[in-house]
């Protein structure tokens, strides 16, 4: 696995900026006028009580939802109407709150699928499966094996993911996202439903990804301990609106945040 | 030209009611058990054969009652032998199993009841009625048989609607349709509900079978009318009873009008060997419609969540 | 990727079993019997199949076979589907000591398919009253025998009859004749002749296909109602026929103006429509309905011994009789062949010679019990049809009644068409036309 | 039981991802091919060729085609018969109008035409899903059936609407005997099956399966639904088209649109499901099953010496066939290929049960 | 094995030189990595080792330095050993699962200046005791993950060292020459390696071995078992154990065969199946677990298959060994055996990954005769050896054709054995150690004046076969108060032959009668419980279950009958036993790292229980401190039942025998 190439943004500069984004479904306002940015190589957490619009925010960032208002600029390009695969092409990968793996495929194939965008041999080479197509397949298998090694899932590489326990499924999903060599990795509650040990493992992987490959990470997580440990900066959403944006320590002391978590009426 | 068009429209709408009747059986089962029941056509054949052969021995009303009994036994057999053993399988597997059931029923029905042509006599005049002869030359033709079918269909739909809305079983049924697991967790016996819908759908099949049987004679080809109900289904939405009715009307009218109006044009333009476009036209109509509304006319909106 | 071949191995094993059928006794004539007792066309297929089978049984019971050669027949259900028909053909063609004597497909589709295979396997195809119309040219279609009439013959007779009603061929000018046909090679056969006739006689045609199986004809008949053709010809089969008559009733088209081909003129076609069918006509393949001389023997040797395949009451039905005629023609062909090749089981090739030299005089027909049912037939290489005459019958609500004199197809119209089409076929298939001598 | 896998370790990715990574399997396959090519011709009779082997092989190819679409890409289709018809008529017309074209090109042309039509009819899959799509694909089935019955050019203005192919030859060798037809079909099907296997285990295959398993997640890793679904429709239709052309040329000889009616579509679908979704092997097993069972059932009473009437046999055949389908679905909804895999797994683990 | 003409291959570097030349393209080391078996040939290994040695040298490694090797079986760690030996430095392998404290002890004692370690985990462990290791200068690691942000002043990736070395070698021809000189400079009598014993008694000692000794011993056994460069072994034993160093490393270099390193501990079983080694070593415990699993899995098989299995296992028991030993066998037996081989034995061995095994050894403790016979009867050439770290493993080994379950074979080639007055086995062997590192006193203690090594085991030569029989640790063999001989290990081992019994600790020395603490085998008993519908929530609950007690009691009674049949042991029948509420665990110090019971420690730790065994109580309370997997400690309390068992009166028993 290599550090993502082709990115023109230097570490510490703004990689993605969200400006005045609003999103509503029918009459329900999921996100109201939220702005924040994500800097290159940081771990950015998005937190908030249930229904705060965190997942919607990720969905907007990777093109699953189209915001009614606002601008999103990624790697210096402001995009208008975008589909998830455009986001993927741009270098955004993500994982889901409820594991969204390809259940009919093995862990290995799932992660290989993550490399779809990096593979370029055309149809006919693949039909013949000789020469360049084979070389390409080998090359990417090698990359994928490095990820498997990294995530310590060697023992399950050929197991259909449907049969894996939840914690391992989450790991495979992370592997699939890593296989894309993204500039920005969106993690939607990567530790939901895990036990302590699994959480520790996952935290370690997240830190390692960030440190080893310099991947920028945006993270939604409920476990405050994890958030405070991992993240460089935290955005706090409540009822679709941003109520704080600061370092973990500052956020912890922010009265608005405390109120939101304690459920003080608005 | 208006006269013929109007006449075609009316004829089409009335035929559409018949399609709707078959589609209704599909919808009932799909709604309650998620099974795309391809055996509906075979059930119609089986029902029609039962009524026809029983009516040779008994008066028609008794034959119908007996046939209802037969269909309930059949529903029980299907539920017990097939569906119960395929719980929690994917939709496509259930769909295939109903294809198997269809094969079985076609063979079984003909073994049990014979494979000749049999009659069902509903005592409705077959001679056409001509309306508005003064307005349009030749009048507007109405087939009394089809009118009768429409009436029966209307009654059946009303009864079903009442059944669904008012009775306890109906409510349970709707609950199951909404969410299997939830319904089960509040103690609704799933197997029983399935039995009820399959039996209901069997009774609908009797109605459809009798009307088609009286029109065509009861024989094997009746099972093929199921194919005519498919575009109706997707047009109306797989889960919607009103959808089946409205879809049936649209398809019935649409295909007949297309055959009469578009057919000759196509023949002229492309030098075709005859028209006969109504077979695919219904599907293409449904397809075009789906492109606009992928879940059908009254189908539940598919909301993608992640 | 040929793990696949496990499949092939399995197949081979099963195939091996299939061939392990016990060897037949030597002095038996094997006749395959393609039937359809199931499916959409079963109501029409059953009486025909019964007629053929009963005739074979009769010959075995009454005469002890054909000159001492016992008939062994085996049914194979095609369901009127071409591929299953071909499967039956392949399965049965090699059975018996001399192989299959001939095939009676009772399906134009199957006949088309077998036409390609018969010359290779050297087995004649008897398609009495169906099949390719041009196949009466025995120099090209050496193995096809559309005995007693092709669809062109039928169509020509119908046009002649209509002309007669109208008062002469010249009266056809400006008339509109619609053809409601089964959308298959069968239904399409008469189109060529009608088109030619329309040119010659100046009438208008209207072709209305009905998709298999023909339960959906509402739009077709609404079109007829709106276009008001003077006559409607019906080229249907199975449920399509009765549906057509019912729809005609429903749109109020006069049944008297409807003429069916001989496959649209049997009891199962009109009975479901009940009174509605009254006045409906159909061309006869010579014979009509009702029991006749043959039935005495049938009763004595077959039905009284409880050996009949049908119910006795049904043996007078048109399709049953047609089946019996088919059986008789086949047996007589074998008998003819035996005259030349000796009284033993005949090979397909020998039977072919027998059919091509079949000559049933009025006396012979009387002997066989078919007096008044059939007219004399003489087949030759040039003419595999053997006879092309027919009458019209009309349904009176209870029975079919003959309602016209004999007509004969106009060779001036039909013969050139046969010649041209057969020549084209020969060219396509790279066949050198010519008569076989043995 | 026959496996001795210890020591069969993989030192390259190529060998790790081989179609048959186990030595014993490779030998088995080689033996099977040798048997099919060398031994079968020694004993097979015409019936075995024309009614069993050739149909099974050709329909396997069609089943592979449908399996690519339904099994691998998750798009249920009932239009297979129609696409087969496109292949058959396209091949017929090319052979008719440009007689000098090589036979293989004729079949490829049939496949390509079918592919184009398939892409066209695949477009709705971008909007429509599941059973809605399945029924929508019937539109293509009925439309195509109709088009070939009506548009006279396709049938070369044959008055009967039935077309017949002339003598067939490849590189000057006439393919006239059942044996030659079988070998030709066998080789063509084997090659195409291999390419299909290659496709489904490569990027394209993973793309399809991703789309099948979870389309949202597939999009998020950069797969375009348009690309994935239409390519599946294209490849699938290509295979189906070639199968259709083979069916017309080698099985039927002369045909009418009815040969490719909706029952054909269902038949192929049966093969795919009974054989096993997303399995190339399953396509073969399914085809063999669906072709052989009726033949077997039909002849069974004869072998057993039970005197049943033809009608009863036919009805029983329907009933048993239907019951077998239900039975198989209950026993193993993932098809014969799954049973095969289980059996193989059992053999690999023998004598252990798991 | 022809020696090099120029220089005798009496050091491992020179053996490597020889192999790189002789077996250049044959595989030397495989490693399942990144999904496939990455294979290095002897030439490649040599090339890498040279480069590595140069890299090490640049960091200051020089002749005589000690280098700790910490980690699992990985090619880079084996190469570290080689590279160190090339430079004349002394590798000191340490158990990878040693806790930081144990690790520190060895590193301090061996005065290591360098450490080649596997990964972040080991680095962290060493860093956690860094203040106790002032002499440690540099660490080299194999697995980069997680180490990116560590201070790299004292930390180097092995890959980098190799790359540097390679670059230097490429640039500077003199370095290459110097390196050849270093290899040539090594002497056979130089210290080749220091292996620390696992320390059954007291802290571990460093056993110093010479290159020549190692190689001579290895060469002898390679010839003894006809191993050559086409053989393949799975390197899965702990790197620091003499077994791994001898069987894989020394024999591998001597024979030129290939050793395969598993991907990781989780996949070891799978990797074994894939590689299918031809030479295999496992302690009896592993064979026993394997057999238990076989029986449990077969227990779940369908009835016909189970019958088939048992029938053919019966056939194998009757004829298998005679066929393996090339003894006359009835034709019908041969035929049945051939069928069984196709149906059962072949597939079974295949599934276990053992179908290619030509030679297999077991050692470390006594192996049950049934167990031993089982594998042999299936056609696996399983043999026993008796050895010690001090001997560089082999003291005795069973030659092909002379295999007896209850002996450990005659002296290995060139080994001289004698039985001391006290019954202790003493030997002299080519590979024997030169002494304990920095421990003259202990060395003296271990050797006799005439240069024989004291094994500490009691044994005798069997009259019939002339093979050595080991009874027990010499110091452990005790006497009951009535003077009857009490061999605890013998009793324990016999008990452990029951699949349901995982561990047994016998007491009786200087007591009135024999008692045992028993550990049930969770897998076997758990499976039994499932079949019997015995419900349990934990190991403790299962262990205390009355039905389980009944079952174990039956085993013990049976065992008593067996003991009663032998004059020597008839008096040592078991009177009382209990089932321990927890599994004995190395983390709690109850077992050694090689999974041997530390009987004395157990007696102390469970003193209340032992007391209760002799005071006639029906039950006893116990609470012990336990270490959980994550290293936390806790207290575990339980009330343990004690059972009496029937014994066979000695007189009757002997009558019966007579």
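Each chain carries a letter (A, B, C, D and E) given by its place in the written order, and its residues are counted from 1.
In the analysis below, a contact is a pair of C-beta atoms (placed from the backbone, for glycine too) under 8 Å apart; a residue touches a chain by one contact, two chains touch by 3 or more.
Keep in mind that this is a model prediction, so the values were computed, not measured.
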{"item": "Identity of the most central chain, Cα criterion", "value": "D"}
{"item": "Chain pair with more C-beta contacts, C-D versus A-E", "value": "C-D"}
{"item": "Approximate Å spacing (C-alpha centroids) for the pair chain C, chain E", "value": "88"}
{"item": "Euclidean distance of C-alpha centroids - chain D vs chain E, Å", "value": "56"}
{"item": "Centre distance in Å when chain A and chain C are each reduced to the mean of their C-alpha atoms", "value": "72"}
{"item": "Whole-Å gap between the CA centroids of chain B and chain C", "value": "36"}
{"item": "Interface hub residues of chain B, defined as touching at least two other chains", "value": "110, 115, 273-276, 279, 306"}
{"item": "Shared-contact residues (touching 2 or more other chains) in chain D", "value": "12-13, 146, 149-150, 161, 216, 311, 314-315, 318"}
{"item": "Of all residues in chain E, the ones touching two or more other chains", "value": "35-36"}
{"item": "Chain D residues touching chain A - in the complex, by the definition given at the top", "value": "12-14, 17, 195, 198-199, 202-204, 206-207, 209-210, 212-214, 216-225, 231, 278"}
{"item": "Residue numbers on chain D that touch chain B, as the complex places them", "value": "70, 76, 124, 127-132, 134-136, 138-139, 142-143, 145-146, 149-152, 161, 216, 262, 266, 269-270, 273-274, 277, 311-312, 314-326, 329-330, 333"}
{"item": "Touching residues on chain B, where the partner in the complex is chain C", "value": "4, 7-8, 11-12, 15, 110, 115-117, 119, 126-128, 130, 138, 141, 143, 145, 212, 215-217, 219-222, 224-225, 228, 255-256, 259-260, 263, 273-276, 278-279"}
{"item": "Contacting residues of chain A [partner chain D, same complex]", "value": "62, 64, 83-85, 87-89, 93-94, 96, 100-105, 109, 112-117, 119, 121, 123, 126-129, 133-134, 137-138, 141-142, 176-177, 180"}
{"item": "Contact footprint of chain D on chain B as seen in their complex", "value": "36, 81-82, 85-86, 89-93, 95-97, 99-108, 110-111, 115, 227, 230-231, 233-234, 238, 270-277, 279-280, 283-284, 286-287, 290-291, 294-296, 302, 304, 306"}
